[in-house]
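Okay, so chain A shows up in both of these, paired with chain B first and chain C after.
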Partner chain A sequence: MSDAIVIDHLTKYYGQREIVRDLCLRIPTGSIYGFLGRNGVGKTTTIRTLLGFEEPTRGSTQILGEDSRHLKPETRARIGYLPEGHFVYRWMTVAECGKFQASFFPDWNQEIFEAVISHFRLTPKMKAGHLSRGQRAGLCLALTLAPEPEVLVLDDPALGLDPVARRNLLQSMLYIMRKPDRTILFSSHLLSDVERVADRIAILDGTTLSVDSTIEYFREHLCQYVLRFEQTPPAAPELDGLLESFRSDRELFVTLANPDDKTEAALRALNPKSMEPVELSLEDAFISYVGDHGEKTFFTKDLGAA
Partner chain B sequence: MKSIIWKEFRETVWWALLLALIFTVAQLYPLFFASTYVYAVSSYQGFGMLDSTYLLVTLFGAAGIGLILGFLQILPERNADRWATLLHRPMPPETVLLSKLIAGTGAYVLAVAPAFLLVLYLVLTPGFTAYPSVPEMALAAVANLLGGFLYYLAALATGLAGRVSVMRRLLPLVVAMLGSSWLVEADYFSTAAWGTLFLAVLLGLSAWSALRHAQSPSRSPWMSRAGAVLVGFYAASAVGAFFSTLFVMAMPKTPYVSQRYETLADGAEVIVTRRNNITTAIDHLDGTPYTTDQSQFAKLTESTIGLSRVSSYIGEAHGWKPGQSRRYYRRAYTYLQELASAQVPVPQQWFWIRETRTAIGYELPAKQAIARFTPQGFVPVDDAKPFPEDMKVRGISGEQLLVTGPHLAAVASIVSRKMAVLTDDATQPVYGADDFYIPSSRGKRLFAVAFAGHLSIYEKNGTLLAQLPYTQDVSRWGRVSVGVNADQTRFYVGYNPSRFLPVSERRQMPTFVDQVTQEGEVLTSTRRLPLPKQTSSKPIYRYVLETFESPTYFFGTLLYQKIGGDLGDKRLAKLLRAALGPYWPSTRFKGILLVIASVLLAGLTWWLARRGELDRKAARNWALFVLLTNLPGLVAFWLLANWPPRAPCPSCGRLRRLDQPTCPHCGAGWENLPSHPAEIFDRPQEPNNATPASTS
Partner chain C sequence: MPVAITLHPASDVPIFRQIVRQIQQGIVQGKLQRGEQLPSVRALAESLVVNPNTVAKAYQELVASGVVESRAGRGIFVAAKRQVFSKQEEKRRLAQAAQQLCAEARLFEVPLERLQKLLAAEWNELQPPTDSTKGPTS
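The block that comes next holds the complex of A and B.
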């Protein structure tokens, strides 16, 4: 299967500040990709570069086989883009927004537009400026989906939405996948949403790509061990893939990436009373992965001080 | 595209209407209230659409409207994601810009046109304003409105600029200000309009360049970049000229010494020497001091007998024609001239309208025309017949007008509405006429008319006071002037070389002043030899400033003069002859200086460009540009070159381009990212630096 999106050794600087470094990512046609990372790691910059609104400092990006810097209008028509913020022209009605957007897309599907806006309980005569945040997101999604794009790029689409609006958004987003060979790349901080819809995830960690895998693979390769001791637990040993460790009165929690027999043996060498692996949710796994690495000592220190 | 135009227009139309309302009120205020109608106005203050306050309002108002509309179209949408939403549509970004431009132009017209048309209607309709107007008087306002459009374009270009320095952002606004100064200083409307059009094209290209540059600095079309570079050049030139002027004003002035002949009140002929316009000596013609008492200088020079020029030649013109006076399109006197304004005892004001060659009187409080002055004398307003083509109002004494034609001289009284014909004889051509002051008479004047053989002096009511026969060869000394002493017993008639003689010849010829009685008896005749030409040396800083002018402009001007002269333009041919003749040393010196300075600065540009790691092609183009444009070009280069971002090389520590794969100094690539044990990939990753880097 061909790749709908190819990011090839993308490096991006703003002035002297490095935003993204040597990012390589291939998104196969027909997949849903969750693009994750903490704030400021370059997700939006990558998306903007991908859509040709920024120029790469080094490397290149392609979308639907075309260099992002020279996207033809016809190619752009095949790409749906929903930036964060859900911008609409506040003076237009919902119907006017649709009519305005439809004038640019020859393959505009009015049925989809109407289906999505009704899903968000919008009526054509409502003024865009009077819509709630969730309704505005729905309108924007309707405007993005109605041209039936082959590639859908969404930059934190659920930001600030309530759970119902988020669910509606996801359902509408998935509607596009009813047709074959449709691809979605979306960035989000809402891991439950990602878990619900994404086939694969890519995680940017400190300007570089650290994870590119299926969700299952990611969770399988991230493991937390709980080691119980008779006395105050020792510090976690220096281990390859150690993400974080945390000590309580009698327990040592160790989170590791890519654990193997060697790491387990090293943990057992601490002579715990018991040691058991804990399955992490995607959210916990993500937080452990992109959070500050090393031993979390603040809590024990506070207790000690008390 | 229609949709975007509609959207843009819809977003600005209410602002445009609001601005139109404010602009209309702002324009009507000076028209009806600021120039109070109960007092006479003057040509310098302007009338109607040339009223100085009205012009200020249109100049600054249009600029403000242009800026507001331009920024309104860009800034609210300039947020990165909002802008991306706008541009992420299946159309080139140029379509968005063009749509904004079309809608913005429409909004601008909507904002400025109603006020303009309303004012035009009011000033051209009798009964609304207390002064006449001709349609051409609207040209200055039209120019101001065109100037405002430059600010609109500049706001677009400034707003569209991406991550660039503030200086670079402001360049289009500086060029818009330059445009305003061009149109204010231009002599002719066509010059102002062409200049504005030229800058509008540059600013439009600059906006295009800003749009593309924000997205992809290295991929802007060459035409848009050329426009942006020229905007940079003109902005740098304008700022340079501004600071040069400040510098020249701050520098000590070179003393300027001048000498001229004067006739003192007692009839003595003297040479007055002035240094920086302050009298330093008054000498007899033989060089002996008239007085050494410096406290007397001011009193003596204030009461000299001024000679008013009556004719340019007498007899044969030898092909010479009076030069066309500058028809400065922003001055009321180009179209009409106020007559005897301060002297009319009733609140009336009279205007000489050049176009219709009649004079028209207004009663100011009623804002009504009351009469016209025509060859038939004073007639009702609607019963006007124009004077012959070359009829002129030569002089004004009180409320009396002196008007002359080829054979006609007449004095018209505005108050009594009567015209006294002084001469109307086809066999007696009139070579000129003027009014002149009677000293110590509180502004009283006499009229002089130059005939073939004598000068006739009239009182203001038309009574012949004296006939003064010429005593010199007026076929060569035909530039006759006249003055009178306080008790009107002595007339002073000056004879200067006729205007048709070449300047070089005139400079060598003496002049004469006769003292003549009222009866025409010549009491004395003084021969004035040409005084040595005064020169002032140019200070060195002037040369320094000139060194940084554009050589393209300097040599281009010479070429323009050469081509124009070859095509028959006498003025240009004359200018070229002067530059290559009497001023050749100065021309050559300046030319050499400019070439040396440009070559040095072009070399500096090349060095800076290569040092900043611009590629060879860009460095060469910029060096060539600076070679043609000198220092302003260097400033434009500094501000506008696409300086590649650089950082210290991790290998050798020297600065290297971030967009290049290898270091030009040590050849190292970028540091490979070490793979770390926490990476999670379920498929193999491509090796680092496997593909060539993009270049810019």
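The block that comes next holds the complex of A and C.
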């Protein structure tokens, strides 16, 4: 199958500041990709470059086989883009927003537009400027979905949505994917949502891409162990892939990326009373992976003094 | 489907495994009978609001373990197999339940003797396991 989105050695600077470094990512047609990373790591810049709103400093990006810098209007009409922040023309009514947007898209599907706005309990006569944040998100989503885009790029679509609206958003995304040639790239901080709908995740960490895998693979390759001791536990040894460690009164928690027999042996060498692997939720795994690494000494000082 | 699947997305158990476990549970508890049809991948994915590939993966695992069977062109059905969990998994589940029961008993200071009586009473309350060759009930 072909790739709907290709990011090829993308590097982007704003002035002296490096935002994205040497990012390579291919998103095959037919997949849902969750685009993750902490605030300020360059997710929005990458997305904007992909849509042709920013020039790459080096490297290139393609969407539907065309260079992002020279997208033809016909190609743009096959792409749905939901920018971060849910912008609307405040003076238009909901119906007018739809009519305006429809004029740019030959395949506009009014039925979808109406279904989504009623899903979010909007009526055609409401003024866009008077909508709540969640309602505005619903309107933007309707405007993005009604053209039935082949590629959907959503920049933090769940921001500010209530749980019901978020569930509606996920349903809409899965609805889009009923046709086999559709592709979705969406950024999010809501990892439980990502886990529900994404086939794969890409994680940006400190300007570079550090993970491109299925959610399963990511979880299976991050492992936490809890080691129990008779006395105050020793510090975690220097290990390859050590992400974080945490000591409590009698326990040592160690989180590792790609643990192997050697790392397990090194932990056993500490002579714990017992040692068990702990399964991590996607959120916990993500936090250990992109959070500040090293030993968390939050409590240990107090414990040492006691 | 007579088994309501409840997902806990923030859980440390991956979603596909939650689906596998709850269907296994439904079969063991007799809520899903032999020969009963499971919803299609698409239908279950829609009702749970999850990626269809996740449901497909859960079904694959259930088919591989022989708990359900895929009949070409017709769908997924609960198989005749009685052994739903592996021996090891059975042991783990019983141990977990026993641990929980004993912890409660200790908390309420119920002596072992009374606990055993209670267990025997509950044991006799339960229907003997039926040979679930009857058609689907719902």
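Please note the rule applied: the second predicted complex is superposed on the first by the 301 of 306 C-alpha atoms of A that agree within 3 Å, B and C clash if a C-alpha of one lies under 4 Å from a C-alpha of the other, contacts with A are read in each partner's own complex, and residues count from 1 in each chain.
Going forward, a residue touches a chain if its C-beta (ideal position, glycine included) is under 8 Å from a C-beta of that chain, and two chains touch if they have at least 3 such contacts.
Owing to the predicted nature of the structure, the values given are computational and were not obtained by experimental measurement.
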{"item": "Clash-or-fit label for the pair chain B, chain C on chain A", "value": "fit"}
{"item": "Vertex chain A angle, Cα centres of chain C and chain B, expressed to the nearest 10 degrees", "value": "160"}
{"item": "When both partners are placed on the shared chain, which of chain B and chain C touches more of chain A", "value": "B"}
{"item": "Contacts of A:250 with chain B and chain C, given as first, second, both or neither", "value": "neither"}
{"item": "First (chain B), second (chain C), both or neither touched by A:32", "value": "second"}
{"item": "Partner chain in contact with A:77 - chain B first, chain C second, else both or neither", "value": "first"}
{"item": "Partner chain in contact with A:119 - chain B first, chain C second, else both or neither", "value": "neither"}
{"item": "Which of chain B and chain C A:170 touches, first, second, both or neither", "value": "second"}
{"item": "Touched partner set for A:189, first chain B, second chain C, both or neither", "value": "neither"}
{"item": "First, second, both or neither for A:284, with chain B first and chain C second", "value": "second"}
{"item": "Chain B versus chain C as contact partner of A:210, first or second or both or neither", "value": "first"}
{"item": "After superposition on chain A, the shortest CA separation from chain B to chain C (Å)", "value": "17"}
{"item": "Touch list for chain C against partner chain A, complex", "value": "7, 9-16, 45-46, 49-54"}
{"item": "Residues on chain A engaged by chain C in the complex (per definition of touch)", "value": "32, 167, 170-171, 174, 177, 192-193, 195-199, 215-216, 219, 278-281, 283-284"}
{"item": "Sites on chain A touched by chain B in the complex", "value": "8-9, 11, 13-16, 21-22, 24, 48, 51-60, 69-70, 73-74, 76-77, 79, 81, 83-85, 87, 89, 91, 100, 103-105, 155, 208, 210-214, 217-218, 221-222, 240-241, 243, 257-258, 289, 293"}
{"item": "Residues of chain B that touch chain A when the two form their complex", "value": "2-3, 7, 10-11, 79-85, 87-92, 163, 215-219, 645, 647, 658-661, 670, 673, 676-683, 685-686, 688-691, 693-694, 696"}
